[in-house]
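Next come two complexes built around subunit A: one with subunit B, the other with subunit C.
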Partner chain A sequence: MRAQLNLPALGVALLLVTAATGVSLAVANGAFAAAERDPIADHAATALADRLVAADGPLAVRKNVLGADAVAAFDSPRLRSLVGERGAVVRLNGRVVARAGDVADPRTMRRLVLVATVENRTLTPRVERGAAVTLPRRTDRVTVTLDPPAGTVVRAVRVNGRTVLSNDDGLRGTFALDSSRVRTTTVEFDATDRLPAGSITIEYAVERTEKGVLGVSVDA
Partner chain B sequence: MDDRGVAPVVGKALEAGIVLLYVGAVAAAMYGSVVPDYQTTAGDAVAERALAAAAADVEGAIPADVRAATVRVDIPLPATIRGRAYSVEVENRTLVLDHPDPDVNARVRLSLPDSVTDVSGNWSSATSAVVVVAREHGETTVRLEAR
Partner chain C sequence: MRRAQLSLSAVEAGVGVLLVFAVTTGFVLGSPAVAGDAQLDAYATDLGAVLANDAPRHGDATRLTEVTRSPSGFERESTALAERINRVLPENLMYRVETAHGTIGYPRPDGVAYGVARHATPYGTVTIWVWYG
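Entry: the complex of A and B
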């Protein structure tokens, strides 16, 4: 009688082992599914965001500083050329800048950026002999137009004490001066007499920046 | 009556046979399909991660705002994926992972600045990988090389 009981017991035991194996496989499958990521789509979103804020990118004037003009000119074909066949949306402060294709399953990267607007300003100072003109804003683009009255000779122009233009016979015309965005610019004129208003025109670019959030969504 | 002593032997042999068959069937199922499937799934995931990381390293190797430069960056790639050697090719600015197992594959599009004129070369997992970025006269070339 005992020998015959062994067989059903064995059957039950095997059934239990089978069930345990099945449960283990289900758990393993669940672990695989839970660990499933799409690193390639994540990379596409990161790479596009990096490209847009890069100094040599299509939008930026410097790293992480976007030009307002470039942002306004940015359109779908340009975005398409950056992102390939994936769908993508670029937003600035939540407002759509450009869209290419559909983004059904978005991978989103956000970057804190500055949006720079550049405007040109003009100074027409009267300069006493030996006096200097300090620009009210820091700038990296300065243009000087010299048109001294007859009899007055401008021999040299110095920026922060460094001679950048020099001509003993007199300077006349429009010149671009080197200056630094991180230093206040003082322009000195070495003239034989005082320079009345209108004989010097200093044009400089002023940059105004606003903080913004650049959002880049790429379809997975 | 002489058969009475045989019955337990037959019974044990039957049990042992059933257990052996069962273990054999389970082992065959495990090593025949379940484990290789898992290896392939894991290998595919590793391939995607490795290639995405390699693409990020290649993009990071390209200098911004430099007139002339040569940059060499080591790219860490796994020596084998799913136990086999593999290679990485470039097709039209896309990194393509070429693995002997057709179910293990990955493609990553490189996001490169406009100054890049050419992307070429290939990597084999058998040797250490390095990316060489050369910029001259404002034109940048990217080459995948063995170290």
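Entry: the complex of A and C
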């Protein structure tokens, strides 16, 4: 009696194991399909995009900040030198910046960037004795030209209280000053008399940034 | 006596099914996760870099250090920071920014791919999540 009950039980058992195997194969297949990519082509796009936004890259002034001049000067040969054999297109806000070769099957990477335009501004302040000049914008590029009137001696120039130029016989000429982009810059002059307008010229670079999306497509 | 008569094939089938599912679990858990989208990670990293570049609205070095420095700084600047993020991020992206003093952005939904970036400031870490909304 028992032996005959075993036949349907075996049938049900086989059915169970087969169903479980089928489900498992489907799941494993799905997992493999999801994991399957074209890593080399993807990596080419990712690496080129990384290079373009890197602080020491061909376009960037700082990390993720592109210089408008560098973007304008970026052309096919320079893109070709970065990307090698593959075709590639670099777009800024959808507008093509440079194209090298054909991109039939694009792998695209988009990066958020700022595009910086630099403009030089000049201040020609009148400085009373002991007074200081505060630059209206933060900047890391400041040049000061000293041309004091005869009889007045500029002994030292201080930036934010730190002496950066010093000469007891008097300073005259053009000097670049160290300043920080993340601090307000105040320039003090240690002069023997008041300095009239024109005896000091301060030139500083002002940066204006606009947001943008850098699209980098590389052919697979 | 009848209790002991559970069919041997049924027992074997049970063990077999368990074994097969064990192997499947290995495949599912062992294969690289779909999460960790390179594009989303890049968006999150870029957002941190762009915000860290911005000049602050009051004192301090950058906009990000301004919100991480103190609770009052966070209170004051969080709305402006949210506006700035809205302008910088493409329209199809949602974000959440977490600092020691509070969070900005949207609650994170379950079951979507995220990009994550952590940005160090002198007063603590800012964590940025980005996802397609």
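As a working rule, the second predicted complex is superposed on the first by the 184 of 220 C-alpha atoms of A that agree within 3 Å, B and C clash if a C-alpha of one lies under 4 Å from a C-alpha of the other, contacts with A are read in each partner's own complex, and residues count from 1 in each chain.
Methods note: contacts are C-beta pairs under 8 Å (C-beta built on N, C-alpha and C of every residue); 3 or more make two chains touch, one makes a residue touch a chain.
Just so we're clear, the structure is a prediction, and the values are computed from it rather than from any experiment.
When the two complexes are overlaid on their common chain A, residue A:L14 makes contact with subunit B and with subunit C alike.
In the superposition on chain A, A:N6 makes contact with both subunit B and subunit C. In the superposition on chain A, A:F32 makes contact with both subunit B and subunit C. Shared-chain residue A:D56: touches subunit B; no touch with subunit C. Contacts of A:T46 after superposition: both subunit B and subunit C are touched. Judged by the touch definition given at the top, the superposed model places A:M109 against subunit C, while subunit B stays out of reach. On subunit A, the surface patch touched by subunit B in one complex and by subunit C in the other comprises residues 6, 10, 14, 17, 21, 28, 32, 35, 42, 46, 63. Interface residues of subunit B facing subunit A in the complex, by the touch rule stated above, are 7-8, 11, 14-15, 18-19, 22, 26, 34, 38, 41-42, 45, 48-49, 51-53, 55-56, 59, 64-65, 106-111, 113-115.
On the subunit A side of its complex with subunit B, the touching residues are 3-4, 6-7, 10, 14, 17-18, 21, 25, 28, 32, 35-40, 42-44, 46-48, 50-51, 54-58, 63, 82-84. By the touch rule above, subunit A contacts subunit C in their complex via residues 2, 5-6, 9-10, 12-14, 16-17, 20-21, 23-24, 27-28, 31-32, 34-35, 42, 46, 49, 53, 62-65, 109-114, 138, 182-183, 209, 211, 213.
For subunit C in complex with subunit A, the residues that touch the partner chain are 5, 7-10, 12-14, 16-17, 20-21, 23-24, 27-28, 31-32, 34, 38-39, 42-43, 46-47, 49-50, 53, 55, 61-62, 87-90.
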